[in-house]
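Multiple structures follow.
Consider the two complexes below, in which chain A is the common component and chain B and chain C are the respective partners.
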Partner chain A sequence: MSERAVGHDGMSGRAVGHGARWVRTAHAEWTKLRTLHSTWWFLAALVLTMVAVSALTTGTLRAGDCAALRTCEEDTVKLSLTGVWVAQAVALLFGALAVSSEYGTGTIRTTLTAIPSRWRMLAAKAVVVGGLVAAAAAVGVFGSLYAGRELVLAAGFTPAAGYPAIGLGDGPTLRAAAGSFLYVVLVALLGLGLGTALRDTAGALTAGFLLLYGFPLVAALLTDPDWVEAAQRIAPASAGLSVLATRNLDALPIGPWAGLGVAAAWAGALLVVGWGVLRGRDV
Partner chain B sequence: MTTTQTPPAPPNPPVAPYRSTVVPPGRDGFPQLLRAEWTKLRTVRRWNLTLLGAVLLTILISLFAASSGKVETSGEKRGPAPTGPGGIQILDSFRYVHRSLPGDGTLTVRVDRLVGQGETRLSGWAKAGLLLKKSTAQGAPYAAVMVTPGHGVRFQHDFVHDTAGSEGDGVATARWLRLVRDGTRITGYESADGSGWQRVGSADVPGLDGTVQAGLFVTSPMVTRMERSFGAVSVDSRPARATAEFGQVAVSGTQGDWRHTGVGGRLPAGAGESEGAGTSTGTGGAFTVTGSGDIAPAVQDMDLGATSLSGTQLGLVLIAALGALFVTAEYRRGMIRTTFAASPRRGRVLVAKAAVVGAVTFVAGLVASVVSFVIGQPMLRANGHKPPQFAELHFTDGPVLRAVAGSGVLLALIAVLALGLGALLRRTAPAIATVVVLFVAPLVLVSILPLGLSRFLQQVTPVAGFAIQETRTRYGHVDSLCLPEDGCYPQGPWLGLGMLALYVAVVLALAVWRVRRRDV
Partner chain C sequence: METDADAGTVQVKGLRKRFGSVTALDGLSFTLTPGQVTGFVGPNGAGKSTTLRIVLGLDAADDGEALIGGRPYRALSTPLQEVGALLDAGAVHPSRRGRDHLLWLAHSHRIPVRRVDEVLEQVGLASASRRRAGGYSLGMRQRLGIAAALLGDPPVLLLDEPVNGLDPEGIRWIRGFLKSLAREGRTVLVSSHLMSELEDSADHLVVIGRGRVIADTGVRELLAAASGDRVALRTSARTEAMTLLAAAGATVAATDRDALTVSGVNAEKVVQLLAGAGVPFSEVSAHRATLEEAYMELTGDALEFAAPPVTGTEAS
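Moving on, here comes the complex of A and B:
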């Protein structure tokens, strides 16, 4: 009923316009997240796991692993971003908890009393969660690539040995960096969609982990290469993370940007399902 | 302050705890605690559904993995793979220079040189030495003493038995070997100079009775090079040929002329094309022999047992959720206060919880793995995974029983680990996320990370527990690639499960300590 009516500013009683209402909704969501300790722990964990796992992985690289550096197929950029595989779990957790914890504590009733437009509430949550995760992911991706660059050089993959250093501004590297950044944000939105649809932390997490990690595992279990490729094309994690590759793009199951599109489709579809549940069901 | 003459207040009189006069007092023992926890687990419908879901998911994914791959046999028809004593699949191809030996006897030889032929380098398991064999048919019982380029002097018999002698300096200098037959007791000796002899090994080989063949042999297994980068593995196997020069050949008890035989003209299916036969020249005291092939058990690429149990890798997510919720739900609902009020010894409560959830998930996991195996194996066979290329697995085989029962133990350990983490963290979300990141992330990552790191992860993360699902027998005297994506765990089944059990023990101990120290 209040969807079309002009909203009121609670304190001054002034009528507020459409745009301001959106800003206020987003501000309310931001306040809720900002004042939780766990938010900052999650964001710190996101950055730390990404950089730490990436650096530990890249640190194991030895020039001796390749017979000849010039023909070495090792994709150092992709290796430097291995942490995304683990950090996505934190992003999923953060996205899912942003809404499922409100169901757990009952805050959701207050939230929807204050913001009766469920669509606006969900969109505002998506914007705030996405923005926070984006900030953390940007730091994590940059840190991973920077650490990777140094470690790869230290491992002997130097330009002098015929191996180009990771240039943070190179086209493929930039694509991998931007892609992994977007991917982490998409996973957080996927978690938000799952949390909204399932309204339960444990359920949303289990479903999300099965989707992100279980799907590639099932793909790996298949013995028929055609099936493996088909499964990798539709799994959110394997398709979405094909964007990490900077070499041997032909060997990928799906093109880098198309793969990210698959991940975006999953996130979008789950948000739509979440919105459908939110709209159709009582709280 | 005024002093009063009132006597000091007596200590609180002992208050008799309230006892109901209607209901007989309950007993506060561990069995009662187990029953309480079992009742909790039994009566929450969502947990029952989760458990059922875990079983169904495990079975479905296992059957999916079993049904998804077909083996396409190449057009060329291969003969059946030879089997050795005990029915195991073997490789048995080598160049043999031999005479008949009707009774007891002794063979002595000096191996002067063992070198590779052509471009490919020699495998560390190329073999040259003395061999007693019942006949020149593939799979016939044998005993041999040999030098190898990478593994010193060895005494081997009947394909699976291997005893190491001196490491020496490989094949850089000449080495003396001696093989003595006394009935069916065969003994191998080695010497650096031909005068001081050391025993390498001795075995009673029942198959070597009556007249046997005795002589010199040379063989060299395939040389396999592997390049692995980010999920793409290229394996390049080439037959290698080894040439050995033998001098000072001395035999006693033998009859007839020296015969030159290429045993096993062709390696069995799956091992590529290779001439088992080679060339050999020489008479009397000196021979030059060139051979290719191997005398060893055949190694299979694919673990059919583990394949039909692979649903466990996904079922664990639901099992972990159940284990974590079994304690975190109590914290969230405040039920934990009632629990601890009823049974104040908190460590014992947690142990009871672990026992109940462990037993229940073990049974569920066992049901899932038995069904997966029993239905999955015929599906695999229908898809072409059958003899002679793949050995048939029976439910009663030792490794199969270990894998099937081990899968139940694996899931039970994962549930207890999740329970411990739930008690430590008191929140559902971080507990489930930690278990998943500890287990599932390494399972995904081992096939895309560099090999060294993958093997490290397989050994030190809780994923090591999946080693219990291996049903292949691995032999120390056969080179195998052991790739993580083939489900090969370098440390072997029991060490792997032990690693997981260690994690579980540490986490549960920490949880007990924490629950006792902290307020609820």
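Moving on, here comes the complex of A and C:
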């Protein structure tokens, strides 16, 4: 083999450490996503939809709508983060496509010949998808809150009227900011789990949208209020988005962190199902 | 344990695989050895791709095992540096540039980036490497897939139908290329459903049909067996030649107005007899069967999807 002058990077090709293998796998998955234009469009769309929808909604706020500002109990922080409700769709799409497009194009077979450990492949994908969405979500949440702060003040919800300016120094506001950031990341992972389990873009998106937006609709059709509340407690979106609330927490069907926990449980469970399918089936 | 003797060998042992009620592999076994190009041939549906997918750990066998250098694929820690595979040339994300497809593969094994450009050069794709793969022709995607297989400079190459979609220049290129890879001491497996594609490149053949090995033989031995000791003869005096050769104990068949095929007597004897009796002839040659003929003889009864024989007057 005269021409075999290639990179075994100093180490014997067969004695690669466990940690190094993880780093390489994550690097490969990162390169894979980085080299698709669509990745950057998705992340830009995530930021833009979150900030734009938040700002448009908050922009409709008028102090005059409240009879008395002090008793109106307007949750200005939650209102400023309305965009999360739309941006989660982009996160779902991005997460699902990160794996379902591999099945669509057949690259999953190339991926698994390069990375035979399916567990390592899926975990690396989750880290890279989660990291990219986290970066975009952080920008979106900050942008939404910043826009909200200005718009809320302009609408007359001033500190003098009992509404301190929105700022992360406030405990509940920080919780809502961190919570919505985490929620968007969890939805992306939920999408990844669905894509891995269903191996099909259309199927994963249908299931994902039903789960996020259909579940609350079903809940609305239920007549018994106890059932409605139970449905809101277990649905990933309505439970997860309770983390946005900063006022009037008693009226929520589930506490903010507990609600986020429900969303995390959905994402985790779907990833586990996805891994089960990936581990056991031929590709 | 891996020993030097195992390095570069691929062992397929008693593979069985069913898809529902269809038996794809029915106890398939063969061994590939370094330094030669092995043709992996069989009609469509014979189980070639299934075998390769099992060897690469993508599909699980119901029974049996496939070992590379003595270990299953999924136990290899740097698989691209031990086995290079081309499975499906279409399996590239259309929006990704050709070079980027190799780049992420390289990153998965910390193969240096210059190796990416090296293999692109080697397969003749350097100038198109920064274009999106979706715009590639089938031939270009084949070349990209071959570049991916070569990326880790592996001692074993498994290529599923690499000739598909290549233009005549590409076919000539890949034949020479496969031979040069084997000359470097690598184990090269090339699958094909067309025996003629392997005529000039394969040294060894594993012929399968209906999930079983029909023949595991050297190309030369196979051709010799199929050719027999027949002699092709061209003569203007057909009747005299036939009478003379039959009298000498040969079996003679007329294949054309002035052509005969003679068996049972070698070419030298044929010349001697005809010259001695003054029968004119213009051409005597040992008949050489094509690989295709040999293959048809082997697989005649193992075709999965055989068309019914053509009957009627329009058949010639």
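Here is the rule we go by: the second predicted complex is superposed on the first by the 268 of 283 C-alpha atoms of A that agree within 3 Å, B and C clash if a C-alpha of one lies under 4 Å from a C-alpha of the other, contacts with A are read in each partner's own complex, and residues count from 1 in each chain.
Here, a residue touches a chain if its C-beta (ideal position, glycine included) is under 8 Å from a C-beta of that chain, and two chains touch if they have at least 3 such contacts.
Quick caveat: nothing in here was measured; it's all calculated off a predicted structure.
Novice: Please indicate which partner A:181 is in contact with in the superposed arrangement: first for chain B, second for chain C, both, or neither.
Specialist: neither
Novice: Could you say whether A:266 touches chain B, chain C, both of them, or neither, answering first, second, both or neither?
Specialist: neither
Novice: Check whether A:157 is in contact with chain B, with chain C, with both or with neither, and answer first, second, both or neither.
Specialist: The answer is neither, since A:157 touches no partner chain.
Novice: I'd like to know which partner A:106 touches here: chain B for first, chain C for second, both or neither.
Specialist: The second partner, chain C, only.
Novice: On the A-aligned overlay, A:116 touches which partner chain: chain B = first, chain C = second, or both, or neither?
Specialist: Second partner only, chain C.
Novice: Please work out whether A:282 is in contact with chain B alone, chain C alone, both, or neither, and reply first, second, both or neither.
Specialist: In the superposition, A:282 contacts chain C only.
Novice: Of all residues in chain C, which touch chain A in the complex?
Specialist: For this pair, the touching residues of chain C are 2, 53, 56-60, 73-74, 76-83, 85, 87-88, 90-97, 100, 103-105, 107-112, 115, 148, 152-153, 155, 184-186.
Novice: Taking the complex as given, what residues does chain B use to touch chain A?
Specialist: On the chain B side, the touching residues are 61, 64-65, 68-70, 227, 229-230, 232, 302, 307, 310, 313-314, 317-318, 321, 324-325, 332, 428-430, 432-433, 436-437, 440-441, 443-445, 447-453, 456, 485.
Novice: For the complex, which residues does chain A have touching chain B?
Specialist: Contact set of chain A toward chain B: 57, 60-62, 65, 67, 72-75, 78-79, 82, 85-86, 89-90, 92-93, 96-97, 104, 201-202, 205-206, 209-210, 213-214, 216-218, 220-224, 227, 237, 248, 251.
Novice: What residues of chain A sit close enough to touch chain C in their complex?
Specialist: These residues of chain A touch chain C: 1-9, 13-16, 20-21, 24-25, 27-32, 35-38, 101-102, 105-107, 109-110, 112-117, 282-283.
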